[in-house]
């Protein structure tokens, strides 16, 4: 019982920490990390709910299956989000550079 | 083996688009044919399921033959089937429109490669999104709903980023993060529920859930998660940029279908699963948010300078109506609640798709969508302008559109129950809708000064007619009202209302 | 409630997890954060084993730490590379044009 | 589906189908478009006359389409709807002919005539509406169908006018919707019927029902241009002349006035309204509108604007008559004025359009001696103007006569005062025009003379006002005959057993 | 000079305001979590969960491991959709961006090559073992797939030249293989038994193994391609190797 409570509260705190970081920080990678930590927190609560100490009965396998599903989903979403973040940065850098180049060109022509 | 009353038909709307999506990804040629076949099949299956529902009653399909609590149940009841039909009809139109859209863009040789690539990835993503949505409407398992939500969210975010514009990618990134946050909050709610009840099946949960603090917390978490995805004010900030910067067919899908998915779940939870613990204060709170959304979204829509952004903010406003139905649901006849929401959702799906299609066609035609400079479109795209007008009329809720029926019910219940302030909001919202719809409409009627420099070629009928047909459907939904009410009253307990004139 | 030696282990594990989580979310350096995230994942695997969930532990070790970490690192490298600027600009412009020529028929 | 239902549908389709076809026609197919329009309106007139005969002999014309419980669409041909339908369909024919002549050579005609046909379809729908929901449906559609006509010119000025028109009309529609829903919530679903709802509701919900009556009147009052809801009407004058004729005489303002009649006679019923005691309010608003409109008309130099304010004033006679619903003679006066005002006003607008189109005359100050250049047009104008003043034997006299009789019968002597004052005002703003046109001397060339031909103007422009002016005269002369607007109105009022 | 200090002051003010907001938000999150934690720990746990339900049907599922039974039999539909989510991620990534060109400057040290040569086959073996033992112990398609994916990552990191010449169509086929086998089996069951995913009696074990193998291959490929980070060069897929 104490184990379940301990781990579920840990999961909840991880969830809260992730949520806080997701809102406060602006770096895209940090946001994705935060979402991952949040997810881990939820999974921890779920697995802790199913926990039964050794010798006191069967473990409920359904939450485990749910967590497995969740982990796979979160990996795929993370991959997509990372690529999207890269792409955002690339394109916005590109726009920035183009603008800078244009400014340079206009300066040169003026000169 | 497959009789008309086999429940296994329910899985077809999920499996067909899934397979189509796989093949669309695998193959290089004739992708459109595969997608069109799937959309058509999906439409016919939806019609068949409604027929089956009307003849044999509500269906349940236990996947793998495992009954709850262990297995996953798919169920087809009135609201689910109507949402399914809405998706099928809109989806078919979008499929046709997207074909026209991409052909038109590929024909412009300058960026043909990029457009071809967009088309290539559009089809599998769209098919998988369709499967996810259908799964969402049919699923009867709270964790399976999470998976379908993710399926929808990922494909929607990828679709939103498809246009390749930096703005669209930024918006899509934000959209992805928001829907992830929503999904995780939803999942936390599921954990709370599982902790309390130990089952995942919706029907079992309804009986078990009781009135504890855990269930309340679960409801709050599920609600917040789904509200994020539904973009109710004040959580709407991600929607306009994501919807307005996407490709036109994608905007249609996102605005007409994707937000409806999460709203549908929210509504199910509030009025079926958790109806015993829902308090009037909670309903009023949702209604207040909806009222703010109606007014705020409409005011923002009026202020926009670009057609697509205007349409996107109009989505924010229209979603508010769905939530104003919350406090009024219990006011007089609790029975009317699904019908109000379904009428709004169906009308909005058809009308908003038509509007985004129109915006896309105008963008293709003029090369911009600045509202100031729309003069002369009427002469070159009469069908499109007509579609815009009809869709706008439906959004304003003029008779005989479905939104009128919904508005009638909302007004009637708010006046009967003495909550006249909702009536004020509803009327104000439709007047504001009139302003933003006709602000654009009047520009169509301006006769341009001088001859246009070059006369752009006429657009393909695939770009014009689906919009018109959807707009006409949305306008005539009010006339189909008895039929829709019949479907709604067939299976849902408590919705049975005797129709005075008789329907048969 | 029974307290045992395992409870002590639990508390240590949980404290480490929280500390790692806090550090990875608040560290100034993203690279450091990613490294911390990988170790966080490995420690989570330990926690899963403690929770009698070996399947999850295996998946977490392989997916959470073994794949997500490299994914982050690759993304980080890509982002840093795109920071460098000019050279990438040319490549990226060629890309679109290049693709236009080799467009596949549908 | 029986023959009566088929007839109703055919009446609606006879202008709807030509409208849809006209939308699809290419711009340059003028002849086909004209033929379609004329065939449609001739078919419509004959069908409406057929329905009138049926109604007279007691046939039932009714279509019910249920939507949701308590809300159904009901098309119903009763004597009152026959009156309005006949008026609209006859005037539509004339307006169509006029519009074909008026718009010769201008752009976007297929859209114009398409919306024109839809507009008439919707007006007939209003006439045939059998309950408030159906009325609301067509009432809102009327706004939509007329809006493109109002902004047909596509200039910034017309867009502004159109915007104001929409804001007024849809606000009115919204108020009307609320009132309809509320009424239904209080008294339950009801059709238009002579009895109105049961008086027992008055005891339980008296004040609410009075409030709903006010809301309903506000809703239709926007289109009927009751002061202070008339603001859109003078602005809408930027539209082409046939559209103004349509707005003032056939469709919009008339739909509002017709709505007032329906609400008073068929929704509330005379008995209930007397119990509620809201009629003096209506009478006050109507009186004020009559006097205010006349006074404002006096100040206008622009001919069409003067006519517009004259409409504001004249339509309120109908509201004034309905406010004395317990007096059958006053009701007769109000109902017959619906027709008579339409005939007179459409003549005036046709003539104003002729002056503008042929000679470029827009202002009254430019009209000196114009009667010598365009004698037929000005003769028609004079007949209609004299009718407006109420000089026998025109139809205007008939309306005012019955209104006055009704007022006297009810002991409302103030009504006579209102009638006399307003007639004097009418004379004051119409007679100078006539004097200037007939006896003034032309000073310099016409502002913009465009047409020089055998007749004073194109035949298609000349014919309709002459015909309507003749009807104004003849209908006044034979008012007591077996077949005349007055006879039909008497037939209607007999059905209400007031 | 004066304006400079003003600007600095403004920036400081903005910082202060942001800090205040952050603090407020921190407190809010803290209270929310405290509330949730209190509620969560007070939930009376008197439900057995689904453990007994799974245990009673374990023999019918065709596998010994309860988690695998849940994943691929009782809740196989979830797993089917989840495999789709993985595929969707790849499609999404491919739609966004092209795989970065190999960095010609990086030299792979022979030691690293050696390690890769040694490790990759071993990892494949481990993956196969994990899939095989999934029926009775911990392990299964996801774990096996993840190991395969890790092997793929290893190969990608070491920039083996032949990796770039794998035709895109083969990759697409590999990605679709797992989901297709899964759906195919599910539909086969539907046509034979009348229910989606209802394995005919006695065949469950073998069918699950078949699905798991196909899915593990696809999952491994998916993960490796997610790491590769973009769509392959399509012109290669048409056979004209540069």
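In order of appearance the chains are A, B, C, D and E, and numbering begins at 1 in each one.
Here is the rule we use: a residue touches a chain if its C-beta (ideal position, glycine included) is under 8 Å from a C-beta of that chain, and two chains touch if they have at least 3 such contacts.
Only a predicted model underlies this, so the values are computations on that prediction, with no experimental measurement involved.
J.: Hop distance check: chain B to chain E, minimum number of steps through touching chains?
T.: When the steps are counted carefully, the minimum from chain B to chain E is 1.
J.: Please state whether C-E or B-D has more C-beta contact pairs across its interface.
T.: B-D
J.: Taking CA centroids for every chain, report which one is farthest away from chain E.
T.: D
J.: Can you name the chain that lies farthest from chain C, using the mean of each chain's Cα atoms as its centre?
T.: Following the centroid criterion, the farthest chain would be D.
J.: For which chain is the distance between its Cα centroid and the global protein Cα centroid smallest?
T.: B
J.: Between chain A and chain C, what distance separates the C-alpha centroids? Give it in angstrom.
T.: 9
J.: Counting only Cα atoms for the centres, state how far chain A is from chain B in Å.
T.: Between these chains, centre-to-centre, one finds 28 Å.
J.: Provide the C-alpha centroid distance between chain D and chain E, rounded to the nearest whole angstrom.
T.: Centre separation, chain D to chain E: 71 Å.
J.: Could you work out how far the Cα centre of chain B sits from that of chain C, in whole Å?
T.: From the centre of chain B to the centre of chain C is 35 Å.
J.: Could you tell me which residues belong to chain D and also touch two or more other chains?
T.: Touching at least two other chains: none.
J.: Provide the list of chain C residues touching at least two other chains, using ranges where the numbers run on.
T.: 55, 59, 63, 67, 71, 74-75, 78, 99, 102, 104
J.: Which parts of chain A, given as residue numbers and ranges, touch two or more other chains?
T.: In chain A, the residues touching two or more other chains are 13, 15, 19-20, 32, 45, 49-50, 52, 59, 62-64, 66, 68-69, 71-73, 75-77, 79-80, 83-87, 94.
J.: Which residues of chain D touch chain B once you look at their complex with the stated criterion?
T.: Interface residues on chain D, with respect to chain B: 23, 64-73, 107-108, 111, 133, 136-137, 140-141, 144, 147-148, 151-155, 159, 162-163, 166-167, 170-171, 173-174, 177-178, 181-182, 184-185.
J.: Contact residues on chain B for chain A in the complex?
T.: Per the touch definition, chain B meets chain A at residues 70, 143, 146-147, 150, 153-154, 157-158, 161, 164-166, 169-170, 172-173, 176-177, 180-181, 184, 187-188, 191, 194-195, 200.
J.: Which residues, counting only chain E, touch chain B once they are in their complex?
T.: 35-36, 39-40, 42-45, 47-50, 53-54, 57, 73-78, 81-82, 84-85, 87-89, 91-92, 94-96, 169, 172-173, 175-176, 179-180, 183, 186-187, 189-191, 193-199
J.: Which chain B residues qualify as touching chain D in the complex?
T.: 339, 375, 378-379, 382, 386, 389, 393, 396, 398-400, 405, 407-409, 411-412, 415-416, 423, 427, 430-431, 434-435, 438, 442, 445-447, 478-479, 481-482, 485, 497-501
J.: With touch defined as at the start, can you tell me which chain A residues reach chain C in the complex?
T.: So the residues of chain A touching chain C come out as 1-3, 6-7, 10, 13-14, 17-18, 20-21, 25, 27, 29-30, 32-34, 36-37, 40, 43-44, 47-48, 50-52, 54, 59, 64, 67-68, 71-72, 75, 78-79, 82-83, 85-86, 89-90, 93-94, 97-98.
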